[in-house]
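Taking it in order: structure first as structure tokens, then the write-up.
Going by the order they are written in, the chains are A, B, C and D; count residues from 1 in each one.
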């Protein structure tokens, strides 16, 4: 018998991910705080639940794709929250990006209801979400992760098993710390070259032609050349991810001197009003702080 | 009539580069401080000069590939130095990595002798040097750089014209600052994951599978997994390059907050005795400074 | 009629502070999680309450002096917690060091009970606490802070009115960020001098003889000379304070590049097992990271 | 018989220092590149020499007080330079701030002339220079330093013997690194408080009332309150000193993570046009980089 899947959080990422679950043939119940975002899912055959609790009651597996800890807490607690509707034997897959510590706390919380927790944040942004081509970083009991692979593979092209619950989030931290560092790093290097009088396009071609050539820099190249930063992955989300990564480093005694410098740069970008631009807009901070 | 080429500096990079010039059919005169390194070139048909001055006297174009400013000064000055043998109409191509400021000072110095200066540092290490597959970052009068392209293409797969003399060095600074930042960045991210209990190989596969996947990280992957750092590009040279990049940033008013953090990490690696290992050995510093 | 005062938290700071309140002639009720710490207060005439709730019920003004947010939450919530015993018209003075944000959240929470919140962290450690010579940094309604000055002046030599609730904590953040930076700063400078071969005592005398001479450096001078760091103010608490200061900076959009570097140094000290030493032991990290 | 003293460099510091030497009864010969600055010294009875060489010829002891290495090199070399006039048995006291490495190179250079080198940079700015109240940090042969104490004490209130030649400069590096860190540190802390809504004067009074209270912060207090930064010690000189301190740290394998962050802040101040203001104007950078 097919799994009944609940999906909470239909934002820029959650929407196409839920769509892909619906297209995968699962019986889907969705909830989103602002209900107009549920429309496209209803059109795709999903049931729109009036409350998180109702999602929990109607599902075997509940997927969360929310902005962060506060948003998760908001759908979890209270008389109409997820917790109120959960029951023994269910599985909760949190695909939102949170710190490993929060993942573990969430898991502990639902243990009282005998619900199994999996943390499965994703690597990739809107476009791979639409194409079901995300990389899914999963932590939790290996047996359940394996069983759920068909469901996860509706949304992704690859499931990386990372270890116990919380380890999916740990992997996300490591990956996005590097992502944020690389975008800040190329911004700093390009800005240095520009201050020396080098041509931006020539610089980027040179960097891409060598061993550092990668899809990330290919994506950012036109942004840096045209000084236009339409969001692939919004800077405010990267800032949040680096904040979580620093917290994770603090929790685990890992030193992150670059991470701290990188965080200051993204945080400063927020102050410059660049929150909704692509995270490569961190380049603007270098221009501002250099003579 | 074929150009007569002088080559000074037959170290780990200079040797194969000079070999490729010899194989290109140029009449080659070489000099190296410790003369046993000249042997293979002599076998390849090059004349071994007794002094830098003799190289200058025997050549139309003089190529330098030395460890840095001090080594260049050492072959330049004095009664048996290059300057003493230079004459009007010659071209000096400095392929050593130095700061743009030093490049410009060197150019000014030889202007008195009516010698044209080109700075042409390379991107790539021993292996591409052997294969004639370096990327050559050239600054100087465009006409002369163009004329010399056949010579340069013996050593490289691509010549990037960067602008006036000094701009080749500027490009090298921007490129290697990014290189150093990326190697430190992946070390920091992998160390964070390790402290969280993640498997190193799984982490690197995940990072390489996404948009950050690049040849650089492919090269460093086995080093990081096996904790073995045989030098492709020695850490001491990367440290020197970042030092020059910080100086260049200071000279040009470019802010490099990551560069400063990165420099401290490489400089600390030197203190740990990692000078002659690959620059990815900067990873060891993260292990040491983390709990 | 005399105010009835409740005091929760009888640790290294709370104990002498509560003693000074008792000696000030106030009717005192105390609570501490490990009850043996209440003994000296009982000897001084205080009533020892069995629960936080009982403290609240017996008092007009409740003072908290606890290790941090978690400890405060632990005495606040639950059927035997402070909240359960609070009533309209009471005043809560939180003298624990927390972030301004937490101070404001705590204030909001007790507004539902019509209890007035004052945050009043202290500047100074064990010795000034014993001597009633703390500097008290108070935020909250001006009228109430003024009314309570006689009570506060039992514990301190000065009450600085900082503004609305939360501003006492903000002041503490600014003060301790500077304190942490100065201790790390003198450690870095002394370590630099030592690496250059200078005599430690000569260095400290020189620094103290000039415009930087201050009581802080006088206190740390024998520690740095003798390489002995018995705690005046434990390093783990300074680490916590800097962590809160970074959070506060993040919440308010203030850039703290030094604070981030300083935090890494203290956090690393924890990893080296220096938690319970004086915060000047951060010097050991410089020795470790330098050649 | 009285020593004949030569003094080269009559800038903001050198002028009053030379005046104090003249008033000390020494036979004084002076040189300054822009000769109008020699006037007041001529009025005080000094001989104005036409060239550095002439200063050397007329003196037993030569004092330098110049802006940095370039300025020293400029008066040293060439047919009319100091070197050309030096002879066996003289003593050179370099009171300019330079790196220890430069001090040692200078000493080596004049060894060929059998001239003894002492490096004796000063702690203190214009006002203590006028009052003969500088702290003089001396490196060199102990015997000669002791013999010259009467001369040095015309200019200073204290001579600190630091060790061999170069160690005076090392001490200056350590002292000014701390000075620069403290001014940046209080700027960061005050800016944090301001972003939290605290009153600037209240903050500074609180900081000064505690163990961090020192003359430095007393001097900077009105600057920070009034947002007016007339130079006591110009920011460009502090920037130069921190640059030398980082170089010294690099030369000696001392890690200076705060120093790097501090340098970026001062360097950025230069970019904002604050070069000639007091170094406490680094505060403006925090305002600029914070939201």
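Note that in this section a contact is a pair of C-beta atoms (placed from the backbone, for glycine too) under 8 Å apart; a residue touches a chain by one contact, two chains touch by 3 or more.
Note that the structure is a prediction, hence the values are computed from the model and not measured.
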Exercise for the section: Kindly list the shared contact partners of chain B and chain D, in label order. Expected result: A, C
Fill in the blank from the handout: By C-beta contact count, A-C versus B-C, the higher one is A-C
Problem - Same vs different contact residues, chain C with chain D, by half of numbers used - result: same
Practice task
Taking each chain's centre as the mean of its C-alpha atoms, give the chain farthest from chain A.
Solution key: D
Practice task
Express in whole angstrom the distance between the two chain centres, defined as the mean CA positions of chain B and chain C.
Solution key: 53
Handout entry: Distance between chain centroids, defined by C-alpha means - chain C, chain D (Å)
Key = 39
Fill in the blank from the handout: Per the C-alpha means, the centres of chain A and chain C lie apart by a whole-Å value of 37
Handout entry: Overlap residues in chain B, where contacts from two or more other chains coincide
Key = 253, 255-257, 260-261, 264, 268, 270-271, 289-291
Handout entry: List of chain C residues in touch with chain D within their complex
Key = 100, 123-124, 135, 137, 158, 160-163, 167, 170-171, 173-175, 177-179, 181-182, 184-186, 188-199, 202-203, 205-207, 209-216, 219, 245, 248-249, 252-262, 264-265, 286, 289-291
Practice task
Would you mind writing out the residues of chain B in touch with chain C in their complex?
Solution key: 257, 268, 270-271, 288-291
Problem - Residue ranges of chain C touching chain A (in the complex, touch as defined) - result: 243, 250, 253, 255-257, 260-261, 263-264, 267-268, 270-271
